[in-house]
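First comes the structure, then the notes that go with it.
Residue numbering begins at 1 within each chain, and the chains themselves are lettered A, B and C in the order written.
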Amino acid sequence: MTNIAADAKFALQVRNLRVSYRSDNGPVEIVHGIDLDVLEGKTLGLVGESGSGKSITGKAVMGLLGRRMFDITADKLEVAGTETTPNSPKLTPGAAMIFQNPFTSLNPSFTVGDFLTDVIRHRHGLKGAAAKKRALELLDAVRIPDAARKLRSYPHQMSGGQQQRVVIAVALALEPRVLIADEPTTALDVTVQAKIIELLNELQKEHGMGMVFVSHDLSLVSDIADSVAVMYRGKIVERGDWGLMTGAAQHPYTKMLLASSPSVRVRSQRLSVSWDFEEELV
Amino acid sequence: MSENAPNRVLLRAQDLVKVYPARGIGRTRTREVRAVDGVSFDLKVGETLAIVGESGSGKSTVANAVLRLHDVTSGSIEFDGKDITKLSRGQMHAIRRDLQVVFQDPYESLDPRMRLGDIVAEPLRIHSPDMKRSERQEIVREMMSLVGLGSMPLDRYPHQLSGGQRQRVGIARALIIEPKLVVCDEAVSALDVSVQAQVLDLLSDLKERLGLSYLFITHDLAVVRQVADRVLVLYHGQVVEEGMTDEVLDHPREEYTRNLIAAVPGQRAERERMKKETV
Amino acid sequence: MATTVEITVARQTPKTRRFSLGLGGWIGAGILVLFFVVAILAPIMAPYDPVKQIGDSLAAPGAGHIMGTDLYNRDVFSRVLYGAQVSMSVGLIVTLVAFVVGVVLGLASAYFGSWVDVIIGRVTDALMAVPGILLAIAILAVLGGGLSNVVIALSLVYLPEMIRVVRGQALSVKERLYVTSAVALGSGHGRLILRHIAPHVLGPTIVQATFVFAHALLYESALSFLGLGIQPPQATWGNLVADGLPYLSSAPLQVVFPCIVVSLAVLSVNLFGDALRDVIDPEGNVSR
């Protein structure tokens, strides 16, 4: 890791995370010893294509993987200095997670207000008017206009971008020290995506929380991440700071990802770069 | 004008309108939606025209209209001189020989119960039913080679292939009867970056080799820069801007286009990278 | 070769599902096969002519008559065997008719829509408005009894269910992208229906057919018991129960044997059908 101040605090630290899947033919390891470091107020971009294990890693850190299907081990799993056992049946304290499709993350039978006040009550013990006030504050924090009316709205009455903002508000209600965002903008239009990225950046500065931004899109990650880790087939093949995306990449896989991304500014003669991996048949 | 003269218009859409009428009554009444509201464009032989827009822009509706998968409310679509909005199902059959499509979802667009060989051979069975089996198999093998799947056994099922491989199969199927125009409906949107790059290069190679024209539907401006000669920007069913790709992307005239370009991720890093390279 | 497991949406695909019926499934299948064998071989296996008066009246099971004799001095065991012939054949024919006609009408209804769907839909609704057994009784009241009329009546009772299952499946398959792709390729109606829609519909439909078979067995027995179906002296399981019922106190086994046999047959079909459904249609597209 490049120069870190001696008193810098870590929002998340993971050492040697391994995840195995209990398949019919015996346990299959799908994440092979991952280390993660996320500083407070900073974002780690976790980049990988499908099958790389990035989503599984995020869920493992969050504590979302069921123990019947998955086996999780780690030498260290710490959120803001608090250790957690990796295979614990409980969700990792101090962490919150948001997902790709806001529509399936929000229960369509409940209004936004119901949802938010429920979480607020659970986390802070606030009820009634106090909870409602906090809910309004959160909706403002995520820049949703006309918050009072939105509290009474159902998810399907809102646009995708607004739904995702609500999801972020719910995550914020938990006052997490680290936020794990698993492709939170992939299902959104590109102009909406830009606004959500902007929002996440601002919220991070305001709340000082660390963020793990999981994505397949290296370009998108470059807009939000302070440091990057590139995953391939369950391993981190390269990590670095922002310089990685501006030319300092060493590993052929990272270089290939960078070269394969089309640019809106200039056309490439040939996009694909051959690399020594063949497309695998399942 | 001869068949392959450049600048010959292959596809002409004029004043396309698609209206979904209001339905229901009372509180649950939906509003009338004008998915496509007066869209016109020309696509010339040998050209790749991109139609770009966000969700709700109407770009998929235009694609479906061109393919006659849905009907338009009004407007005309001339393909190779014939107005295809007026054709019967039987007449469309002959047109489909020259007008093919590659869809977005590589997992859903191939029939899971068919073997690869049959999937790719199907257009031949439909449009050249008298072709001998040996000849057909020969052509299928050639086509699979062309898309980079030369060593793939033809008796496999789609679920045994990766997303990128399935998309190649979809391309092989679309091109096997040598169409004039291929509609790529978000054909690379569901693919990993590295696979997307391979498929884009493949489409480009095939275009040259087989003399194709493409109507490329996408939401990704970076892909537009990569593949398109000309681009049409759609917003709420209307054409907001159009022109040569480089012209529109380098010197956008409309604010919506500017916003769209500015929202494309990764530009900050790219600028830095270019600065470092020129130093 | 590294095995990367995709923990994303599990795609249902035909070849990777293991064909595993499970213990219940195999037991059910085995018993079912046994019944069919017995039905076919009844004339050879039966020790006596089922309608001939042989032994004593209402004798308990014993020498020469494994299941005893009935009121009319006929061997119960032979009658049970011949009854299998009737029940199995009625069940099979009704199932086949309901299946074939159901698939044709269901596919037509889903594919063509508009007036075809409306007409078939109305007829189906009308037939379903009357509960099964009552409908069968009503039809038999009009047509009279006998084997062929029972087949007609039961086929009409189960046809609406089949049409509904087929239609429902076909409607959802019709929306899939691979069907749209086939349309875009230029497929005609025939190719679309036979090559792309029907294969995806048959799975749940076959499962439904096994349940129709179980019901048909049961209803045939019920109808014969009521005296509306196959008429005596022909042996059917239902008739056997009807014949034996008045003498339940003195010779209970007359009733018990056919009842056990009917229950066993229906149970075996259900076991097999459930196991089959777990293999073919794990998502539960077919209810019951």
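Definition applied: contacts are C-beta pairs under 8 Å (C-beta built on N, C-alpha and C of every residue); 3 or more make two chains touch, one makes a residue touch a chain.
All values reported here derive from a predicted model rather than from experimental measurement.
**Student:** Whose Cα centre is nearest the centre of all Cα atoms in view?
**Tutor:** If we average C-alpha coordinates per chain, B lands closest to the whole-structure average.
**Student:** Quick one: which pair of chains has the most contacts?
**Tutor:** After tallying contacts for each pair, the winner is A-B.
**Student:** Please report how many Å separate the Cα centroid of chain A from that of chain B, as a whole number.
**Tutor:** 32
**Student:** From the C-alpha centre of chain A to that of chain C, how far is it in Å?
**Tutor:** 53
**Student:** Between chain B and chain C, what is the separation of their C-alpha centroids in Å?
**Tutor:** Once rounded, the distance between the two centres reads 48 Å.
**Student:** At which residue positions does chain B touch at least two other chains?
**Tutor:** 159-160
**Student:** Going through chain A residue by residue, note those that touch at least 2 other chains and give them in order.
**Tutor:** 50, 280, 282
**Student:** Which residues does chain C have that touch at least 2 chains other than itself?
**Tutor:** Residues of chain C never touch two or more of the other chains.
**Student:** Can you name the residues of chain B that touch chain A in the complex?
**Tutor:** That would be residues 54-55, 159-165, 192-198, 200-201, 219-226, 249, 259-270, 272-273, 276-277 of chain B.
**Student:** If you look only at chain C, which of its residues touch chain B in the complex?
**Tutor:** 11-16, 176-178, 180-188, 191, 196, 199-200
**Student:** Name, in rising order, each residue of chain A that touches chain B in their complex.
**Tutor:** For this pair, the touching residues of chain A are 49-50, 160, 189-191, 193-194, 197, 216-220, 222-223, 242, 245-247, 256-257, 259-268, 270-273, 275, 279-282.
**Student:** Can you tell me which positions in chain B touch chain C when the two form their complex?
**Tutor:** My answer: residues 67, 69, 92-93, 96-97, 100-101, 103, 105, 107-113, 122-123, 126-127, 157-160, 170, 173.
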